[in-house]
Every structure is written in C-alpha cells, then in structure tokens.
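Structures are listed in the sections that come next.
In what follows, subunit A forms one complex with subunit B and a second complex with subunit C.
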Partner chain A sequence: MKINSRKTHDNLTAYLFLAPFLVVFFVFLAYPVVYSLVLSLHKVSWTTNLYNVFSDMKYVGVENYIKLLHDSKFWWSLIVTGYYAVLTIPMTVFLGLILAILLNNKLPGVSLFRSAYFLPSVLDILVVGIIWTLIYSPHFGILPKILDSMGFRAFIDKGILANPRTALPGVAIAMVLRGAGFGMILFLSAIQNIPVSVYEAADIDGANAWQKLIFITIPLVKPIILFLVIMGTIGSLNAFTEIYSMTQGGPYVVEFMGGIQGATKVSGYYLFEKWETMNYGYAAAVSYILLVITLGISLVNAKVMRKKH
Partner chain B sequence: MDVAKIREKLNKTLLMMALILGALLMLFPFFWMLFVAVKAEGHGFKLDFVFAQPLFKNFTAVWTNESFPFSRFFINSLFVATSGSLMTALFCSMGAYVFAKKNFIFKETLFWMLLSTLMIPGMMYMVPQFAIVTKLGWINTYRGMIIPHVANIFGLFLLRQHMETIPDALISSAEIDGASEWQIFKNIIVPLSMPVITTVFLLSFLFQWTNFLWQLVVNTPDSLKLTLPVGLALFRGQYATQWTLLMAASAFSIIPIAVLFLALQRFFIEGLTAGAVKE
Partner chain C sequence: MAEVVLKNIAKIYEGDVVGCKDINLHIKDKEFCVLVGPSGCGKSTTLRLIAGLEEITAGELSIGDRIVNDVHPKERDIAMVFQNYALYPHMKVWDNLAFGLKLRKYPADEIKKRVTEAARILEIEHLLDRRPKALSGGQRQRVALGRAIVRKPKVFLFDEPLSNLDAKLRVQMRVEIKKLHAKLQITSIYVTHDQVEAMTMGDRIVVMKDGYIQQVDDPMKLYEQPVSKFVAGFIGSPPINLIKVKISRDGERFLISEAAAGGFKLKYTPKGRDFLAAFSGKNLIMGIRPENIIDRIYAGVKEAENTVPVVVEAEEPMGSENYVHLKTAGGAEVVMKTEGSNRVKPGDRLELIFNAEKIHFFHPGTEKRINEN
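Coming up: the complex of A and B.
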C-alpha cells in the first residue's frame, strides 16, 4: 500500500513537472501530425465562412492525393528540391571540411577566424537573402558588374537570379556561404578529437598530407558528414525563406510536363503558395507526402552510412 | 635560415592569406549591408562613396517610418524572442529534470515519441499549426507567435544529458533535509545547469528572432504584432528599389544577433555542436 502511494506520488510529481512542456508538445507537435492527415482528406468548401474555415471543411477522401499525382507543379518542385540539395549539401560539407582543416593549424588569430566563419550561420536567412539579392541585381549589383568587367557580359542585363540557369545556384551559393561555418565548427571539433599519435604513425609510414586526409581524417569525421547530409536534406525540404526573399520561385520560364514552371520553386515554397491561396486540404496533402519522403531519406541515409562504416 | 624553415614560413603566409580572403568572402554580405546602409539616397546601387548626411540618416528614417515602424517591430521581436526563450528554458529544464532523475509511467514511450518528432521538418507543421492557432483565435497575438514553439525537444535532450551527470546524492540529501521537489529543482538542479540553460535560452532566442515563416503565417499584414523579418518583407514590397533604407532596416535585425553571438559565442557553439557529437 505504502509503496503504491509512493509510486503514485512520484508519477504525479513527474507529470506536474512535465505538464507545461507536454501540453505544448501534444497540442502543437504531436497532434498536428495526425491533424495534418485529417486535413489532407478535406477541402475548403466554396461557401466557407472566412472566419471559421477549418470548422466547415468538406470531406473528400483521397481526392487531394490523386490530384497531387497529376500535378506537374508538385513533381517539378520535388525535382527543384533535389537539385537544391545536390547544390548545397556537397558544397557545405566540402567548404566546412576545408575551413576546418585550414583552421586546425597553429596560426595567430585562429579563434578570430573561427568566429568570422561561424558568424554568418546565425544570421537571419531572410535578411541574408535580401542582401544577396542586391549583390546579384542586374545593372547595379556588384557581382554582375564584376563579371561584366571580366568579360562575362551575360549577367549585366538580367542579373543572376532572373536567369533560369543561374537562379538556383545563386541561391545555393548564398546559403552555402552562410551555412558552411556551422559545418566547419563540427568538423573542427571532430578533427581535434583525433589523437595526434595516429598522424605520427602515418608520418613514420611516409604518408603525405593528401593520404592522411583521405585515409585518416575523412573516415574519422564520417559521422559529421552523415549529420550534415541529414541536416542538409531536411534543410532542403524545409527551404522556404531563402526562396521567398530572393526569387519568389521564379523565373517562370521552364517547361515541364506541359506547364511553365518556376526555376527555383522548391517544394517548401510550393507548399507555402498552396497555403497562401487557402488550399489548406491540398497543402496538408503536400506536407504529408513531403513528411514521408523526409523520413524515407533519413532512414536510407542512416543505413548507407552505417554500411560504409 | 635553411630551406625547410623558409618553406614553412611561406606556407604559413599563404595559409593566412587564404584564411583572410575566405573570411572577407563569407562576411562580405554583412559588410556590404553596412556600406549601403550609410550611403546617400539614390546611391544605394552606385559604386561610389557618397554617404548619407548625417551618416545614420537611413537608420533613423526606417526606425521612425510611419507605415512601417521599425522601432515597433524591434520591440515586438525583442518581446517575442525573450519571452519565448524564457518559457522554453523553463519548460525544458522542468521536463529534463524528471527525464534525468525520475522514473514514471510511460517514460520510455514519451521519450521515443519526442525523439521521433525531432525528424519532422518544421515546414510540415505550417498548415496544421495554422489551423490550430486559427481555431484557438490566436491570429495576430503574441501567444500565437510564441507558444507553439516553446516545446523545444532538442533543448530538453540537451538539458537531460547534462542533468544526468548531477550526483543523486545531492538530491537525496536535500530530500532528507525536507526539501520539496520544487525546491530541489530550483535550488540545486537549476543553478548547477545554468550554462546549459543559457545555451538553450540563446538558441531559442536565435530561433524566435529569425523565425520568419511562422510569424508571417500567424500575422495578417495589418497586425500590430509584426516582428522585424516580417516587417522587413512587407517594407520591401513598398520600397523595393530604396536599397539604402532596406539595408538600414536589415541591420536592425542582423546587428543584435551578431553582437549577442560574438559576446556569448561559447554557449552558441556548445549548443549547436551538441546535436552532432551525440551521434
């Protein structure tokens, strides 16, 4: 009896402490996963009361999902998202690793450089995007001007972001330069954890710097690479703010599956547009498919990296 | 001097130059923003050195702009970020304490649920969270902006990891002295976890300060609760070509975070790297 009441008391205290966190968690993080599925089976009705949209949505079964299958804009947004991931992830990993290796030397002012490289990664994406829009602008943007004076005249009239070939790479470069410092910090702490004796042994065996990088450093920082790849994948599926602030999904000149598509319309931005136009049921269906894709990719990532290990 | 030494010196010089160039490149947008922000009207896109008179004219102009009051946006941002991260730090600490030190029913299940939710990209929450906030009548309110994001699972795990290292003996001796659970939490656990709590606070502050999408979704354009990024986005809609004003407005969002980061870098770095080291 006494043990039981003690147990009840413990449970009660524990849940009292957990209560604030759990209430928010269940209402805003756990329940939405289910609620999103419910919403995806509904549609905003034509006669809806604008102040009470979510209470009188019409049940339509899997109609939204069937429509999605034939939606060229949705498929295109997945392709753009994949392309964005391919543009950003390897560059972030590569640049982060290079910076970490450079900073791993004994040099004056190393901590200053570390701060300088890391600082951009905490800054507001929207603002960084706006600044880059200025840098990339036609006629007066500094980058097209520099390129023009070097003889690349293609960018002076349209800038970087109005050209369908360079728009997404332009966004990607801005975001990689912003985010590489984060990778650098992770690599740096991993590299500094590698015992010096490992490198000394390699020196005795006559390994050169390149061999040490390929056969010692990279295998030992593999968990960081996996982490950055997973974060980058989630980041690409989450990409919205950089597109909103730099291109709004455009330029709209690419032909795909019989429609004109936005060259930088990633799925996050497509989802936002569906929300903005009050297609809540459809937007929920898009979110759900993206969620399934994310979980699938994360699982595959984890498996592939484990095998190679 | 022998050849090897000269070579080493040369290598070091080259390395330094590469590092300086790299830093200039990565910080270039930041410098460019400041440069354009102090230029004279109409010179925002010219490569000249015609500056505003007085130098900070653009800053005062956006700060007191009547239809886009950046002073108001700034205060909103500050309020949302501060109260949001205070709540986050408190809720996460309380939750982390029982996860670290107590046994309770459904502990494993809850733990598993929290862990799996971490994998869900935030974008996927936009529609259902918007629906919930609409139903609660929280559109254009501070609570609508703040509360949905105060259950920071990553923060809870970070704190739990740290609190597990606090010796049980400290807790049981306080129990013997007749301290209540809340007293133990407040007088032993919190003081001993302060560095990690600071980290969680700062990371949430950063998150709330820069959380553009959610604040855009939860506010209508005429809302009085607009934060800096949302205000800036709307401001750009009207003043798209006034780069001097735009960059001055941008600086209001960027500079506080840059200062906060440079002053408290250690906490940021510890928090941000903790996720990867766990692997």
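Coming up: the complex of A and C.
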C-alpha cells in the first residue's frame, strides 16, 4: 500500500511538471488537429450567421474531399509543391554540407563565417522574402541589373519573380540561402563528432580526400541528411510565408487541366486562399490531405534512409 | 624486410613547443620496439611522425630503404592501431577489414581471402557481420588489429592500443599481440605509458621524457642499468627507492649517511665503487630497488651494524609477495618487497639490510647514474 501511494505521488509530481507543456500541446496542437478533421467534413453555407460562422457550418460528409479530387488548382498546387521541394531540399543539404566542410577547420575568422552563414536562419521568412523581392525586382533590383549588364536582357523589365520560369527557382534560391546555415550548423556538429583518428585510419588505409568524404563523412552525417530532408519536405508542404511575401502565387500564366494556374502557387498558399475566402471546410480538407502526405513521405524517408544506413 | 631509421628527427610545434627532438633510432627488421614514457614525453608524436600523420620538422626518416619524410601515409606501407580503435562506425566488421584493400583495388577474391584469414587468426570470424557498436572493447581492438594485418604492411604502429581495455583483458591482449608478432614477423613500433607493457612486450625499449630519448635498451638492461634517475624510477613496480645521501670517508671504507638529520649511516665497501672518493663530502642520490632490501631477521645476520632502522607505515599484501612501506629515521620513504608470508603491522620497527652491490648512485644535479655496474 505504502509503495503504491508513493508511486501515485511520484506520478502526480511528474504530471505536474509536464502540465505547462501538456496545456500548450492540447490547446494548440491536439485540439486543432482533431477540430480541423471535423471542419473538413463541414461547409459554410450562404445563409451562415456571420457572427457565429464555425458553429453554423453544415455537415457535408466527405463532399469536400471528393471536390478536391476534381480540383485542377489543387492538383496543380501539389505539382508546384513537389517542384519547390525538389528545388530546395537537395540544394539546402548540399550547400549546408559544403559550408560545414569548408568551415570545419581552424583558420582565423572561421567563427565569423559560421555566424554569418547562420544569421539568415534567425531572420523571419517574411523579412528574407521582402529583401529578395527587392533584389529580384525589375529595373532597380540588383540581380536583373547584373544579368542585364552581362547580356541577359530578359529580366530587366519583369524582374525574376514575374517570369513564370524563374519565379519559383527565385523563391527557392532565397530560401536555400536562408536555410543552408541551419543545415551547416547541424552538419558541423555531426562532423566534429567524428573522431579524428577515424580519418587518420582512413589516411593510412589509403583514402584520399574525396574518398574520405564519400566513405566516411557522408555516411556518418546521414542522420542529419535524413533530418534535413524530412524537415525540408514538411517545410515545402507548409510553404506559405515565402510565397505570400514574394509572389502571392503568381505569375498567373500557366495552363493546366483547363485552367490558368499560378506559377508559384504551392499547396500551402492555395490552402490560405481557400481559408481567406471563407471556405473553411475546404481549406481544412486540403490541410488534412497535406498532413497525410507529410506523414507518408516522412515514414518512407525514414525507412529508406535507415535501410541504407 | 623493413628497418625503420630515424635520424635527428624533430617535431617542433607552433610557438617553439617541442614535440620531440634529437630522435635517433635504428629499429631493426622484425623487431618489436616499445616507446615508453609519461604523458607528454613525445612518444606518440614520434609514432605519428613515423606514420606520416604529422609533418617532420627536421631530420630524416626511412622505412625499408626509402626516405619517407615527404611520403603520404598511404604510400608508406604501414598499418596503425589506435588507442580508441578508430573503427569506421558505419561499416560492418568485414568492411572495416576490407576497406583499405578495396581502396587499393585488390581483386575481390584476394580481399575475401585476406579478410577471412585475418578473421581466423584473430578469432573474430563470428563477428564479421556486426557493426563496431555491437562489439565489446576487446573485440573492437581485435578488429583494429585485423584491419592492420590484412594489408600485410612493412611496419605495424601501435598507439597505446590497450589503454582503453580493462586490466584483465589488457594482460590477455598483451600476450596475444606478442604471439601475433612472433607469427607474422613484422617490424612493430609500440607506444605505451605503461612500463609493465613495455617490459613484457618489447625486444627493445625506448624510454622518453620531455621530447627526448633517455635510454634505448633491452628490458633487463634497462632495469638493471638505468642511465638516469628518471629511467630508474620509471621502470619497475613498485618503483625504485630514491634517498638523498651524503658520502664521506671512513678510513678504507665509505660512509653513506642519509642527508636528512638523524638518518641512517652505512659503511660501504663493494668492489668497483672507488668513484665515490670523488664525491666525498658531497650529496648523491642513492637508488635501491624494493627487492634488494631485506629485513635483517630473514637475512640470518645477527650483527646490528650496517642496518637501516625503519618504522612500518603500511603494507600491501599481494598474496605471493608483500610490499612494505617504511620510513627511515631521516624521514625517507622506502618500499621493501618481501615474501607474501612475511607480514608486519604499522608501527613495527625493523632493521633493513640493503644489498650493497645493487645500489645505484645518481648525480643530484644531472640525475645521471654514476656507478658503472
């Protein structure tokens, strides 16, 4: 009996310490996840009470999901999201790793560079987006000007972001440069955890610098690569701020499944548009599909990487 | 067939920090040479210079008949075993062993042959499919040894390979490495800070201190004829007793008296110690090993002359022998090694007899040994 009561007491203490987190978790995470599932099965009717929209929604079953399957804009947004992921993830991983390898030495000024490359990660995406919008902008943006002086005259009038071919890569470059510093820090700490003697053993075994990178460093930082790929995937599926601040989904010039589509309209932005136009149920359905895709990709990723590792 | 010759080798780090200096060493073919010394003595640095992991500041290093100062480690035809094993954590044991061979583009069947053979010799065949994480310390060290032997190098380099193992395993691996050396007959250079390892394993031992070589000799000679107080104190366990003494004449004989007030006095006349005449009236450091001290009552000597009166402070019974910690009247601490059955209690008063022929004398300034035998 005594032991039992002490156990209960211990458990209670533990939950007490956990309480602050649990409160935040349930209010801002668990409840919204469940509630958005409920929302996705409802629809705002035309006759809704504008002062009580959410409780006045009509139950429609899976209607939102069926509608989604035939929505060309949704499918297009998934394609753009995939393209965005392909543009950003390998570049972020590659650049982070290169920076980490370059900055993993004891040259003077190295810590300055480390901080400098990491700094953009601290800035809000919105801020970075605005800065790059200025860099990309027509006539006075520095990049079109440089390209113009080099003989590429296509960008000076429209800038980078108004051109459907360069708009999404433009956003991607801005985000890669912002995010690479974060990857660099992770890679750096992973690389520094590899004992020097392992490299020395490889030296004696006859490995050159390239072979050491391929056979020693990269396999040993694989967990970081996996982490960055998963985070990048989630980041792409949730991408919103960068699109909002740089292109608002435009330019609207691409034809797909019989409609004119925005060249940079990723799913996250499409979801926002639906929400903005009071299609709460539909937006929730979009978000649920994105959630399922995210989970699926993460699981597959983890499995594949673990198998190779 | 590979000798390793170091001529005036030096490693000076930034800010004139001496890694090692004036290293002259001729390691013979098939020899097992041990570098020993306290931490920071330059033994590991010397080994790393031989491996090519660090650049030689001055001097000439040759392996076989080739000068290798500017040769990359992989071209030196050496293999190295590290203290922390330095196994490739993401590779299975098989791949760890095969890695060097694969990089050197050996044909697959040759790789297979060599890896299986090494695994058989080291009895790690059942571990080939495991990753280093799933191995015990001793097993990891075997894999590290295996990685060295598959390549059949000219020279083996060992950098404190047993330091991370527990005491029992260390003794076991010590013997195994010796056996392996006897079997493979490859020139080996072995770094350790453990004098027992050095004594038991080395054909020849190089004692180092502060970056310089102190003495190079075979184990017994090193033990019996140390060149300096440092070597005498470093080799042997329990260590040699060092007592400050004053030399004076006493007619035909010499009188050795403990330098501290109230200490013992010994009349001393062994052969070949005439050099003491030159030190009459001066201080010297007397060295005597614990096994060369005997309690008078076990010596069968009745006379009380020429004994050193001491008080027992503590004893360390080891079973077969007993280390007795004693204090002389002058306050010098002396350890006596005696038979395990000769037990004493703290506070007991004993009279010791020093084996006069085994006494060493060291110069108090240079710390060099003065007596010749």
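Methods note: the second predicted complex is superposed on the first by the 286 of 309 C-alpha atoms of A that agree within 3 Å, B and C clash if a C-alpha of one lies under 4 Å from a C-alpha of the other, contacts with A are read in each partner's own complex, and residues count from 1 in each chain.
The rule is simple: contacts are C-beta pairs under 8 Å (C-beta built on N, C-alpha and C of every residue); 3 or more make two chains touch, one makes a residue touch a chain.
All values derive from a computational prediction rather than experimental measurement.
Colleague: Kindly say whether there is room for both subunit B and subunit C on subunit A in the superposition, answering fit or clash.
Modeller: Subunit B and subunit C fit side by side in the superposed model.
Colleague: Considering only the touch criterion stated at the top, classify A:Val254 as touching first (subunit B), second (subunit C), both, or neither.
Modeller: neither
Colleague: According to the stated criteria, A:Leu271 is in contact with first (subunit B), second (subunit C), both, or neither; which is it?
Modeller: So A:Leu271 only meets subunit B here.
Colleague: Looking at A:Val229 after the superposition, I want to know if it touches subunit B, subunit C, both of them or none. Which is it: first, second, both, neither?
Modeller: neither
Colleague: Applying the touch criterion given at the start, work out whether A:Pro219 contacts subunit B, subunit C, both or neither, answering first, second, both or neither.
Modeller: In the superposed model, A:Pro219 contacts subunit C only, not subunit B.
Colleague: So, A:Val198: does it touch subunit B (first), subunit C (second), both, or neither?
Modeller: Second partner only, subunit C.
Colleague: Between subunit B (first) and subunit C (second), which, if any, makes contact with A:Thr13: first, second, both or neither?
Modeller: first
Colleague: Check whether A:Phe113 is in contact with subunit B, with subunit C, with both or with neither, and answer first, second, both or neither.
Modeller: First partner only, subunit B.
Colleague: Give one of first, second, both or neither to describe whether A:Gly206 is in contact with subunit B, with subunit C, with both, or with none.
Modeller: So A:Gly206 only meets subunit C here.
Colleague: More subunit A residues touched by subunit B or by subunit C?
Modeller: B
Colleague: With the two structures placed on a shared chain A, what shortest C-alpha distance in Å links subunit B and subunit C?
Modeller: 9
Colleague: What residues on subunit A does subunit C touch that subunit B touches too?
Modeller: None.
Colleague: In their complex, what parts of subunit A are in touch with subunit C?
Modeller: Touch residues, subunit A against subunit C: 195, 197-198, 200-207, 211, 215-216, 219-220, 222, 309.
Colleague: Using the touch rule from the top, collect the residues of subunit B that touch subunit A in their complex.
Modeller: Subunit B reaches subunit A through residues 12, 15-16, 18-19, 22-23, 25-30, 32-33, 36, 44-47, 87, 90-92, 94-95, 97-98, 102-105, 110, 113-114, 117, 119-132, 134-135, 147-151, 153, 156, 181, 185, 206, 209-210, 212-213, 217, 228-229, 232-233, 236, 243, 246-247, 250, 253-254, 257-258, 261-262, 265, 268-269, 272-273, 275-277, 279.
Colleague: Which part of subunit C faces subunit A closely enough to touch in the complex?
Modeller: Touch residues, subunit C against subunit A: 51-53, 72-74, 78-80, 82-84, 86-91, 99-100, 103-104, 147, 151.
Colleague: Along subunit A, where are the residues that touch subunit B in the complex?
Modeller: 10-11, 13-15, 17-18, 20-22, 24-25, 27-33, 35-36, 39, 53-55, 99, 102-103, 105, 107-108, 113, 115-120, 122-128, 130-132, 134-135, 137, 139-142, 145, 174, 177, 180-182, 185-186, 189, 223-224, 226-228, 234, 237-238, 240-241, 244-245, 268, 271-272, 275, 280, 283-284, 287-288, 290-291, 294-295, 298
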